Each structure stands twice: as C-alpha cells, then as structure tokens.
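Look at the two complexes coming up: chain A is in both, with chain B in one and chain C in the other.
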Partner chain A sequence: MRILEESNIEDIALGAAVLGTGGGGDPYIGMLMARRAIRDYGPVELYSLDEFHDDDLIVPTAMMGAPTVMVEKMPNGDDIINAFRSIGKYIGKPIKATMSIEAGGLNSVVPIYVAARERLPMVDCDGMGRAFPELQMVTHTIYGISSTPFAMSDERGNTVLMETISNKWTETFARSVTVNMGAMSMIALYAATVSELKEASIQGTMTKAETIGRTIRAARQQDEDPVNTVRESVGGYLVFKGKISDVERRTEAGFAKGDAYIEGIDTYIGSQLQLSFQNEHLAARIDGEFRVTVPDLIVLLDVDTGEPVTTEAMRYGYRVAVIAIPCDQKWRGEKGLELVGPRFFGYDVDYVPVEQRFSNP
Partner chain B sequence: MRILEESNIEDIALGAAVLGTGGGGDPYIGMLMARRAIRDYGPVELYSLDEFHDDDLIVPTAMMGAPTVMVEKMPNGDDIINAFRSIGKYIGKPIKATMSIEAGGLNSVVPIYVAARERLPMVDCDGMGRAFPELQMVTHTIYGISSTPFAMSDERGNTVLMETISNKWTETFARSVTVNMGAMSMIALYAATVSELKEASIQGTMTKAETIGRTIRAARQQDEDPVNTVRESVGGYLVFKGKISDVERRTEAGFAKGDAYIEGIDTYIGSQLQLSFQNEHLAARIDGEFRVTVPDLIVLLDVDTGEPVTTEAMRYGYRVAVIAIPCDQKWRGEKGLELVGPRFFGYDVDYVPVEQRFSNP
Partner chain C sequence: MRIGIDVGGTNTDAVVMDGKTVVATTKTPTTENITDGIVTALSAVVTESGLDVENLDGVMIGTTHFTNAMVERRRLEQTACIRLGLPATVCLPPLVDWPDDIADALGRHTYLGHGGHEFDGREISAFDRNEIRDIVDSIQSKGINAIAISSVFSPVNAEFEEQTAETVLEVMPEANITLSSTIGRIGLLERENAAVMNACLRSLAVSTVSGFKKALTEMNITAPFFISQNDGTLMNADFAADYPVLTFASGPTNSMRGAAFLSDLKDAIVVDVGGTTTDVGVLQQGFPRVAATAVSIGGVRTNFRMPDTLSIGLGGGSIVGQDPMTIGPQSVGFQLTEKAQVFGGDVLTATDIAVAGGRVVVGDKTLVSDLEANLVENVNQKIQEMVSVAVDRMKTSAALVPAVIVGGGSILVQDHIEGTSNILKPENYSVANAIGAAIAQVGGETDRVFSLAEMSRDEALAQAKNEATERAVSAGANADTIEIVDVEEVPLAYLPGNATRIMVKAVGDLAGGI
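Let's look at the complex of A and B:
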C-alpha cells in the first residue's frame, strides 16, 4: 500500500493521458477533480490486488461519453458517487475498493475522486492498460466478467441501472442514455471479486501512469529530447514526426469520431500520416498503408514538450510525434482481437504487432 | 371483486381499443396474450380500489413502443414478468396488485397477463382513461406520483431500472432504450399506494372498456347502425364520415407518427378531415380548421362494423366514422393541459372541449 497525495495526481493524470491514446478524458479536468477531492476528504490509499482478500468486492468507476463535450461540462462529483452507491445498494454487499476501468487522463483519476470522498481504498489495476471507446472493450469481458449490475448517473440526479445479457448490450443501452444525459455520464460497472481480478485485470496501471508522467515532467525540466525520453519510458516506437495539416471531426452516436492528417517533417518529408479516431486513436496509415492499429497504442506527443495530445486537442499546425506502444498480451489472443482488433472497427486488415513493423534506433 | 375469465377478454380488448384512440397497442395481440395466460394460469380477480387497504402497493404494467412494430414482434411474456419482478425486488416490499396504466387494445390486457401469471389481483382503474403516446402523460404525474423506480425488459433477458428526477426524464431515457430493444419494451412503473391512487387514478376503466366492447359485439349481431350504437355507449359525438384517401407514416424516435386524410361521404361530401397521430390520434382538422384535439379522444370506427381502427391499421379506401369523446375532467385542468394539451404536441391552438363544438342529433 502507498498513499496518493495531491502531489501524485498530476503525474498520474499526465501519464495516463499517454496510455489513453488520445482518449480517456482530459487530464486537466481529471486532475482538478481528484486534487480537490484529496484536499477536501484526505489522501487515498493505493493497494495492489495481493493486499486484499480473494472474495473482496471491487467496483470500478469512470466517465462515459465524448471527451469533446467534457471539456465544456465538468462533472459535479455527486453524479459518480450516486452511480457508485447505487451498485452497492443494488448488490447489497459492502464494496471494498474502487479501481480504474481504463487508463486515461480523466478515467485514471475518477476513481481517486471516489476513493477520497467515500474513504475507500483504490486498487492499482485497470481493465485495458490503455483507453478504448466502448464499454465492452475491457479485459474483464475476455474473462467472462459481466458489466452489470451497471449504474449511470448524471449531474441532475438521474440514475439508470441495468442487468444485461452481454456487455455489448450494456454498451448499446448506456450509449443511448449517455447521449440523452448530454453526451456524458458517470458510471460504476464490472463489479468483481479480487480473485476474478487477479486473472482478468491489468495490474500496476496506476503506478505505470505515474512513472510516465514523472518522466515527462523531468524531460521538460532537463531540456532533453522529450519525445525520445517518453518513448523510452513506455517501451514504444517512433512511427512518425510531422505537422497536423487537417482534422475532420464528427460527433456520432455519442462518440467523437474523425481523422487527422499529419504532414511529415525531418526524415518523413513528403509522407502523410492519416490518424483515425473514435474517442481514442484507432489506426495510423502512412501514405495509405496501415502501419499501426488497435489494440496497440497510438500516442500523439507534442514535439517540444513530450506531452500527450488528446483527440479533442488536435489542431492545425501542431508539431507532433506519433509513438506506438505494444498493448498488453491479453489483447493479442483470439478473444481480445475479436473485441478490439482492427476488423471490429471496420478496417479490413489483420492485426500485426507493432514490434514486428518498427525497431528503435 | 369480480372474476375475469377468457370470455371477458375479447370485450375488454375491443372496448379498450376504442378508448385507445388509435393507439395503446393492437387488440388482437393483446387478446391472444391475455387469453393464453388465463388458460394457462387461471382466471384473474378484478377489484375496485375501495377493496384494498390504503397502504397497499400497486404497480402498473404495460408495453412501450411503436405499435407498428408490435404487430410483427409479439412479446414473449417473460419480459413483462422480469420488469414487474424487478420493481418488487428493488423496492423490497410486496406488491399487492397490478393495473393498467393506459386504456388500449394491448395495454388494457398486459396487466391481465401479469395478474394471471403472478396469481395477483388486478385493479379496475388506469392512469389516462384513454391512451397517450408518452410515459409522463398520466394522471399520476398531475398528482406528483413518480414514474420511478421504473423497470423495462426485452425478450432477450435485458432489464433496465431507473430512478429519475422527473417523469419526463424517464420518458426520454426509456424511449432511447426502447429503440435499442427493437422499438418495443415491456415496462413496470408508477408504483403507488391505494390511497394515492384513489386521488390520482381514473377508476372503473376496465369495466367501462368491457361495456363498450360488449356493445360493439351486440351491435354487429343485431344489424343496427353500429357506429351510432358505439357513439351512444361512449357518450361521444359524430365528427365526420368518409373514406381514407391517404396515410403518411414515419417511425421517428420510437414513435409511429403521421397524418391520415379522409374524404367526406354522406353529408360531408366535399370536405376533408386531416387526422394527425403519434401512436394515438392527436388532432382532427376539417378543411384546415382544428375541430377536435387532445386531450379529448378521437376515435376511428369502421363504418360497417363499428370496430375501432388503430393508427397502424389505417389503409387507403377504408370507410370510417370519426367520433370524439370528452376526456376525463382531470385532463382539463391547468396541469393536465400542460402535459397533454394541443400546445405540448406543437399545435398552436387552445384546447376547446369537444362538447362545446359538437352536439348530437
């Protein structure tokens, strides 16, 4: 167990925004929310799964919706507490801790807010090791853990609970209600025991995010090549360097979808990278050819600062580096690729692990 | 208390289809469902509110969705039982009876199915005295009764529960999920005590429906003018007689919307009646002028048989009579008209009670 203080939050949110591959929520809003919670309610205890009893019940908490909206509409805090408590009341058993369901600027720290306010511990694991756009896209689904009982709340005081026959149905219903709630909702889901999570979750994600965040801050201060420093710290590969020349966006069925086009600089002059996203970056094509796809992580970094650029922050003229990071092994099996492989998102290509396409200098 | 046998069902479904003003579900499907339940599980006891204790808990049951879809997709029965039981489990108190929330061919008999299968009594009342397209449009809303806890289930086994801050929010969320469920869901809602219902509900609706249904059957057998017989039995006014010349339909956000045009016959030659509907008939214009609007009931009857024609059954060439029936007084107050008056549906006219515009021969 270790204690998360206000001072840890910035690194976690920043590092998780790297793992968020463009999505997972805005790190600045997440940071504000979690820091305020720790200031108001006290620091949060972060445990590894081994420190719990095997039958302890853990309930993850998160935000659902299009990140583009969240920038304008900050969650009020009561909403996520309502969702979390609804699950406890519905199950009728004590919840021992909360955890992150995805690594992302906001969704890594929403559970910190809940843990601080509810005076509950938090577990150092998540269900993706990155961010994904849809609710069924978690390692829990691979291992047969149900997303329900599922609870979602808005800032007005509305709460919707679900019992579904599949995690995909939860996604379908919850996405519609999220759109009704103003394109954003706060959710509690995938209640599971510690023994289930030992098999199904991705462990150490919070600590990994914090380490990445600390590296970015250090690189910025020491005036090194920040992109290279971050790339090394995440075990990633440099895919491209360039300037954003165009961003096409559409908000569709509650998702922020679109494509960004990056014109090459340095050794990439004359080449163009097309980055397709749905909340998160899904696929990178260089001059029309797929080079990186889900489930591997595609990360956009600001060339000058090494900071991650979220999909909603992409703007014409930004100079960025595109980094690819191998995903967790759980995603590379048959069930994982069925859930989150390129074909699920409509790309007619097989998944090729990024380390087979790129090597580091 | 009296007993509802298989032999009562046809009259109830037929008469409720008159009160359903074109909506409330197909009476044939409702009839099949309820008759099968009585055959399989036994007859149903129908009580008046006075026969219960004041604090007894009553939970209405119904179908939600576009009637056009329901004709092709018959509810399987488990869905409505799932929704009903979810409310009981959620509240944690015994439910003493079920009731109809709206009078309509299907929604008058869905509770008969539930009562038969759950071996529970049914109450002789409803929340509209007619049918309306949206969930908040019940007399319960006028008297401040919440639609939540609300439960909805589909035939696959999915269940969604809600706690909302207003009945309009329940409508918004439930409508989206109904669309996801295939444009139809089975619902349990507006849990209330008998003392609340004595004030808020419309009493005697089931018996009224049965009387109307019996009248139609008798008129058919005795070769009288069936339209006039039905009109007299419901205390209504003859508005128009004609032949359907056109029906424009669209399924929009889970509703069956559109307009039907009726060319005059008999004394109405040269006139045209435009009938606007959203699941139910909302407004009748003759030669462009509003003559009947919600909340008064607009009923289409087959000229030859006196049987009600639902919005989904309207076809080119049908010879129909348009009857208007005064709505329950509860709808004519300020709160009632705010909920279901013509302006709510976008018609820029004041409500004029039908008996001020028409008189009987």
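Let's look at the complex of A and C:
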C-alpha cells in the first residue's frame, strides 16, 4: 500500500496521457477533480491486488461520453458516487475498493476522486493498460467478466442500471443513454472479485503511469533527452523520428478517424511513416509496410519536450518521435486480438508483437 | 493620417502614418503613469512629422498593461463569479484551477445557480430568478461590484447569462458585469476564467482608458482612438474599458501585423528577433495564426485566441559559450551596450559574432578581431540552424514561404533560411509593433457547434459566416470591406447528428473612412 497525495496526481495524469496513445480524453478535468477531492477528503490509499482477500468486491468507475462535452458540462460529483453505490446496492455486497478501467487518458484519474470521497482504497490495476474507444475493449471481456450490472448516472440524479447478454451490447445501450444524458455520463461497471481480477486485469498500471509522468518531468528539469528517458521508462522501442507533413481527418460513425503522414528526420531521412488513428493511434506503416499495430501502444512524443501529442493536436510541422510500447500479454491471445487486434479496426494484416520487429540500441 | 502607439513594459513606441507611408517614428521609455510616456511619444512624432492634429483620423493604441497587471497581481479588484449549470459542474467550482495568491487577491466569491444548456440546446435546469436575487443580495452585502457570469454551453445559448445580468442590474444598477459568452469559447473553466479576469481588471481598464484620453486631450487630439486586441483587430475605447482581457497578447499580434504591412505580404513567416528571445509566428491572410491549445496568463488557464508563436532563447544579447559551444538562452538583455565585447564589455554575445563575421557594424569591431574564424563560423551556423528549425516547426505546409525578419536583433539572421523562398528585412523594423496597431482593422467571430444532421455543411458554414460578419459590423467595421479570413471545422467524436464545431472570423476596415 502507498499513499496518493495531491502531488502524485499530476504525474499520474501526465503518464496517463502517454498511455492514452493519442486519445482517452484530456486528463485535465479528471486531474482537477482528483486533486480537489484529496484536498477536501484526504489522501487515497493505493493497494495492489495481493493486499486484498480473494472474495473482496472491486468496482471500477469512469466517465463516458464526448471529450468536448466533458470540458463544458463538468460533473456534479455526486453522479459518479450514485453510479458506484448503486452497483453495491444491486449486488448486495459491500464494495471494498474502486479502480480504473482505462489507464490511458482521463479515466486513469477519475476513480481517485471516487476513492477519496468514499474513503475507500484504489487498486493499482486497470482493464486496458492503455486507452481504447469502446467499453467492451477490456481484458475483463477476454476472461468472461461481465460489464453488468452496469450503472450510469447523470448530474440530475438519474441512474440507469442494466443487465446485458454481452459487453458489446452494454456499449451499444450505454452510448445511446449517454447521448440522452447530455453526451456525458458517469459509470460504474465490471464488478469483479479480487481473485477474478488477479487473472483478468492488468496490474501495476497506476504506478506505471505515475513513473512515466515523473520521468518526463525530471527529464525536462535535468535537460536530458526526454524521448529517450520516456522510452526507457516504459520499456518501449523507438520506431521513427520525423516531422508531420500532412494530417487527413474524417468522422465515421461518431469516431474521429484519419491518417497522419510523418517525413523522416535524422537517421530516418527518406522514409515516411503513415499513422492511422480512430480516437487513439491504431497503426503505423513505414514506407507502406505495417510496422506497429494495435493492441501494441503507439505513442507520439514531441521531440523537444517529451510531451505526448494527441490525435487532435497533430498538425503540420510538429517534430515527433514515434514510440511503440508492447501491450500486455493478455491482449495477444486469440480473444484479445479478436477484440482489439488490427483486423477489428479494419486493417487486413496479422498482428506481430513490436519486439519482434524492433530492437533498441 | 493616423498614429499608432505601442505601450510596452519597457518602451512606448509611436508612429505617424499617412495612408501606407510611415511619416515619423519614435521610441521612448514607458512611464509609471502611462499618460506621461504617451504624451512624450506623441509630442516627438507630432513634432517630427509636422502633423496638424486636426487632420488625424484616429489613434490606435496597443498595450501590455493589463497582461502585466494580471502577471504581477497588481490593482486587481475583488470579484464575484456566478456560474449557472446546477446540478452539473459542482465538483469543480469557479477559480478551482487558479494559483492561490491570485484567487485570494480576488476574494474567492463564487456562486453556483441553476440554468445552463446541453450541447444540443436543451436546458440542464430551469433558470431561477429568485435564486439569483439571493446571490445578488450576498454579493451586494460584501460590497463587491465586479461580477463575472458564466453558464454551461453559453457559446451555444447565452440566454441565462443575459437573464442573470438583468437580475443583477435590477438590484445593482452600477455593477460591472462580464458575461463569459462575450469573450470565450467552448471549455467552461477557461472561458469562465477569462470572464473573471476581465471583471477584476475592469476598474483598472476604466482608469487606463481615461489616462489614454487625458494624454490625447493634452495633445489637443480630438480624433477617435482605438485599442488593439489579441487577434489584430481594433476595439473602440469604450469597448476596451469593458473588455480589457481582449488586449492580452496584442503585442506579438501587432508586431506580426506590422511585419505584414512593412513587407506587403499576407502569407509569410514572421521572425521577431529581440534581445533575449526570437518569436516565430505565421501570417495567414495577413493575420497571425492562432494557438489551438490552452494559454495561461499569470498562471490562469484560458482559451483565448492567442497568436501561435514559438519562442526560442536566441537574441542579440544571447550569451555565447565556447567549450562546449552554446548560444543562449541566457542573455545580457538590455545591458547589451555595456556587456557585449564590441562595446568594451567582457561577455561574448551573439551580436559580437555578427560583428566579427562582418555582417553588421556596431560598436568597435577591433575588440572582437582576435576571435577565431572557426568559432565565428560555427556559432553563426548554429544561429542560422536554430532559426531555420523554429521556422520549419511553425510552417503550415511543405511549400516554400517568404520570411519577414523584424526586431532589433534582425542582424543575426542571414539572407537565407532553409524552407523559405526569400527573406525580407523591411525598413522601420524596430517599431513594427506600433505600425501593427496603426493599421489594425475591425473583426468579429463565431465559434459554436452545428448539427450537420439538421442542415447541410454549406448551410452551416454560411450561417457561421453571417454571424461573424454581423459581429464585425456591430463592432464598427464597414460592411462593404468585410472579408472572411479564417474558417476552421472540427468534427466532434462520440456526438450524434454529425456535430461539428465551426469557427469563423470576419474582418473589415474601420467604418468612417480611415
């Protein structure tokens, strides 16, 4: 167990932006919520799964909806607590802790708010190890854990509870209720016991996010090469360095999709990297050949500051380093690749783990 | 004829312009009470140009005064903030992300009320006039007169902010009120922050604008005067007294607009080389490209449309290290004429390298004659490289574009920068700021979310353009001269009905034939 103070939150949020692989929502609002809750209710205890009893019940919490709405109609605060508590009421068992379902982006820090207000611990694990666009895309799905009972609440006091036959159906219904709630809802889902989570979740991801954030901050202060320090701290591979020469964007079925083209600099001169995205970065092709794809993490870093570059912020002239981070092993089996592999997102190519294609100097 | 004045932290510059001709220029120190410095500058240019002030069409003033007040936490007024959106937004009340010292200076008088809208225009909750009256009673009992009002999605629908203002004025007819919908865009905290900053600067703005008026009266100038905004357009004096935050970052904007004028280019890179830093920006259709990300003023996050500039630590006073070779970011700054070697000092600066390399004659060249040719060449190359990397980062496309070099440190830059088609170093480069103020136009903009399920993209664009044009006209632009200078569309993820955010900016010449 260790204590999360206000001062830890900024690092977690910065690291979560890296793990967000270009998407996941801006952690700024979530960071403010978490910092304020810690100031008002006291610090949060972060535990590893081993420190709980196997039959303890854990319920993740998150925000769902359009990032543009989240920065305008901010939550009430009671809404996410309502969603969280209704799961406990429905199951009829006390909830022992909350956790993040998505370590990348905004939802890394939102559960810290819940933990502080409920004076409950937070677990150092999540269901993605990164960010993905839909709620069935979690390692829990691979291991047969249901997303329901699923609770979603709005600021008015409405709570919708649902039971579904699959996690994909939960996504479908939840997305339309979210629109009625004003394109944003607060959700509690994937209730599971500690023994289930030991198998199904990705462990240590809060600490990983915090370490990445701290590394970037320290590298900046010490004038080190932040890209290289980040790469080392995440066990990643340098894929490319270049300058964004074009970004094409389109909206399909509510998702922000597109491709960015990056012209090589330094030792990559003469090569071009094509980066395809759908909310998050999904695939990188160098000179026409797939080199990195989901579920491995593709991260764009500003070469000078090490700051992660989101899909929305990409534009001509940015000098970026493309880093690939191996995803958790859980994503690499048949079921994981069915959920979030390159074919699911429409790329007709087999997934090849990044470490088989790249090596570090 | 018009006069442009730039009131900076260090210098007050003034220029007299006759149409497109620069008739006279001056640079004088800024004074503690702004009026004196302006009078000095005005006297100098009026005398030099032999101008009869009767013939003046207008005076345009650019100032960093309000930015500095915010950064230095000086003369800020106790301010209340009323936000409408209950039951939403409770977990992050107004001022939540402000540094403590400045939030304390304003007194943390924050109130939440019912109201606000959803992204699609539905009400979050009904407006409650009695609730607002109670809030107003509380504000009045504290003796506070400056009030900022924000409401969720007010850029889409501002009715609740307006109704709140009416209710406040019924009880406090003299209240100084700022509505967030009049100054910011989507992003509640940032827009509200801007409204609160505006409210707390209002009394300073009133006294500053009357100081400007006093200076003009002392000079017997009766022509109308205007203040320049951060987007390179003008507002009249009364409007400026109401919206001081709109002057934030007008300095770089004016210098880039001045560069556009002096070079006669509408699309170019502008490199402003000062004593300590070089600011690189992009002119698009004669206006600076604006930053896409949040900008912080004195530690307070806002989403103003600020010019997108890249600042690097290179200037005429940059200190050069030899082993290993370094240039900046440390600088001797305003002490250049004492500390640089060509002026008899003992610090090696970028200016010394330029003199030793024979590219400029300032100070005493013999004092740097023993510098190794190798060193001079290497440092010089490094300087060009720093500039060309910065220029490259700011370019909007791979095509070659011209670059305009302004500012006192322009001598550092050679006649070729990679990625540019040509380099221009116009005359009067050191008063580009004041010139930018003198030539400013009037603008209007709109920024909101359109649902393309209900109308075609062309209809939405046309509607946005109309709104921007109407705003420019109501701000004082001549309708016949209006041009749409910027259109930006951002499709929004996860929203139904093909929601698209459209931002349009229109500008025109000032009505009244200047």
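Going forward, the second predicted complex is superposed on the first by the 334 of 361 C-alpha atoms of A that agree within 3 Å, B and C clash if a C-alpha of one lies under 4 Å from a C-alpha of the other, contacts with A are read in each partner's own complex, and residues count from 1 in each chain.
We take it that a residue touches a chain if its C-beta (ideal position, glycine included) is under 8 Å from a C-beta of that chain, and two chains touch if they have at least 3 such contacts.
Remember, predicted model here, so these are calculated numbers, not experimental data.
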Touched partner set for A:177, first chain B, second chain C, both or neither: first
Touched partner set for A:78, first chain B, second chain C, both or neither: second
Which of chain B and chain C A:36 touches, first, second, both or neither: second
Which superposed partner A:261 touches (first chain B, second chain C, both, neither): neither
Of chain B and chain C, the chain that contacts the larger number of chain A residues: C
Which superposed partner A:165 touches (first chain B, second chain C, both, neither): first
Which superposed partner A:243 touches (first chain B, second chain C, both, neither): second
First (chain B), second (chain C), both or neither touched by A:319: second
Partner chain(s) touched by A:157 [first = chain B, second = chain C, both, neither]: both
Intersection of the chain A residues that touch chain B with those that touch chain C: 156-157, 179
Parts of chain B lying in touch with chain A, wherever the complex brings them together: 86, 90, 156-165, 169, 172-173, 176-177, 179-180
Residue numbers on chain C that touch chain A, as the complex places them: 85, 87-92, 96-97, 116, 118-120, 122, 124-125, 152-153, 186-189, 292-293, 392-398, 449, 490-496, 498, 500-501
Residues of chain A that touch chain C when the two form their complex: 29, 32-33, 36-37, 65-69, 71-78, 113, 155-157, 175, 179, 182-183, 243, 245, 249-251, 254-256, 279, 312-313, 315-319
